[in-house]
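First chain written, first letter: the chains are A, B and C, and each begins at residue 1.
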Amino acid sequence: MLRLQVDALNAAYAAALDERRFDDWPEFFTQDALYQVQARENFDRGLPLSLMALESKAMMKDRVYGITQTIYHAPYYTRHVIGPAQLLAPQLLSHEGDRIRAQAHYAVFRTRPGDATQVYNVGRYLDEFVQTPAGLKLASRRCIYDSEMVLNSLIYPI
Amino acid sequence: MLRLQVDALNAAYAAALDERRFDDWPEFFTQDALYQVQARENFDRGLPLSLMALESKAMMKDRVYGITQTIYHAPYYTRHVIGPAQLLAPQLLSHEGDRIRAQAHYAVFRTRPGDATQVYNVGRYLDEFVQTPAGLKLASRRCIYDSEMVLNSLIYPI
Amino acid sequence: MLRLQVDALNAAYAAALDERRFDDWPEFFTQDALYQVQARENFDRGLPLSLMALESKAMMKDRVYGITQTIYHAPYYTRHVIGPAQLLAPQLLSHEGDRIRAQAHYAVFRTRPGDATQVYNVGRYLDEFVQTPAGLKLASRRCIYDSEMVLNSLIYPI
């Protein structure tokens, strides 16, 4: 059942990020997938500005390299809690008929060493999936976030 | 599968509220449905006092009119994250045999402009659903919330 | 479908704890089940130290007796929001072939009287289930938590 496949992908995606298996993260996407992290305010107004926009799996791998090898930053744990996905009508945004559209609400919590756990980022994943021989893959994931603050320090993908 | 239908309704319900499509909100209910927001303390003691009690879809529409047209309030974003629903035994509370009883735990986060995201309201939806020609509808949704504070400013439905 | 059974168990488990039906809590486990609450840092390093480790249902019942009868503590409400579970490959950790391995991310919120709701504990359930004549039961639940603080006052199971 399709929605259960989407939920399973989301759970595996969250686990990869929260367990810091960052190399696994690009593998949830197709080669030419879009990954975008955008403020809800910009999304709602149709503005292009986003906090992060990666336009291929190669760019995602480069980002992972940055996270794990080059960026100096204070460590923190993340924890994604994602609600059951909602399948969306296929015709609304998709330019390709075979894409599966879905969204899911998420909350990401952050824990820094010696500090209380905080609400870090909440929003929704607005997704397009395709079926591939290797299973369901993200052709596009837009993380539309409500949270305005804290994100100056966004290091890890949402 | 019934539980997946409930999850799908909950996801669509959350999306309508969080995307501020308030006119869509009453459409999740039957004509004579109950919508109630009640403190857990009162619910547990069997007390009738509640923060909001709307006893028909017409009252819900009136509330939506109030939210969108007449109430002056500081804007804020909401984000619902709802866990998978739990189907409940039909005989426990229902007075009608064809009602489907379920509950789901929720967290609602609030983001005000220029401020960090906060935990706004957590609790559970205690629901009765009916199957209609237009799909599953809420005959009763009671939002039993743990949170005591912040709610003096409850504007939008939970 | 197996994953839906796991989600249903998690929802019922969360409801039992949050509704303070503590006597129901050990019933989610097999007789010789393990229940452990462990910091992520210790788990990741393979260290045995944990905040709570109960090695049978009898120990869990004893803990419930402690919670409800003997421990003096300030009351608080809890609310679990658990994401859809992820089934894990059977061979990775399990020493018994008939065990079903799964994990799910959770957030537990705490509300103390007269106070705002707080993020109390976030992490993941790392679980082993078995099918029994009475349905799916936990043979092992390890609560691997990110949160370092607040837990000095952990009273109720996670």
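Keep this in mind: contacts are C-beta pairs under 8 Å (C-beta built on N, C-alpha and C of every residue); 3 or more make two chains touch, one makes a residue touch a chain.
Please read all numbers here as calculations on a predicted model, not as lab measurements.
Counting the residue numbers that touch the partner chain, subunit A and subunit B have less than half of them in common. The angle needed to superpose subunit B on subunit C by their Cα atoms is 120 degrees, rounded to the nearest 5.
Centroid to centroid, with C-alpha atoms defining each point, subunit A and subunit B lie 27 Å apart. In subunit C, the positions touching at least two other chains are 1, 4, 81-84, 107, 118-119.
The touching residues of subunit C, when paired with subunit A in their complex, are 1, 3-4, 40, 81-87, 103-107, 118-124, 146-150. Only residues 1, 4, 7-8, 10-12, 14-15, 18, 77, 79-84, 107, 109, 111, 113-119 of subunit A touch subunit C when the two sit together in their complex.
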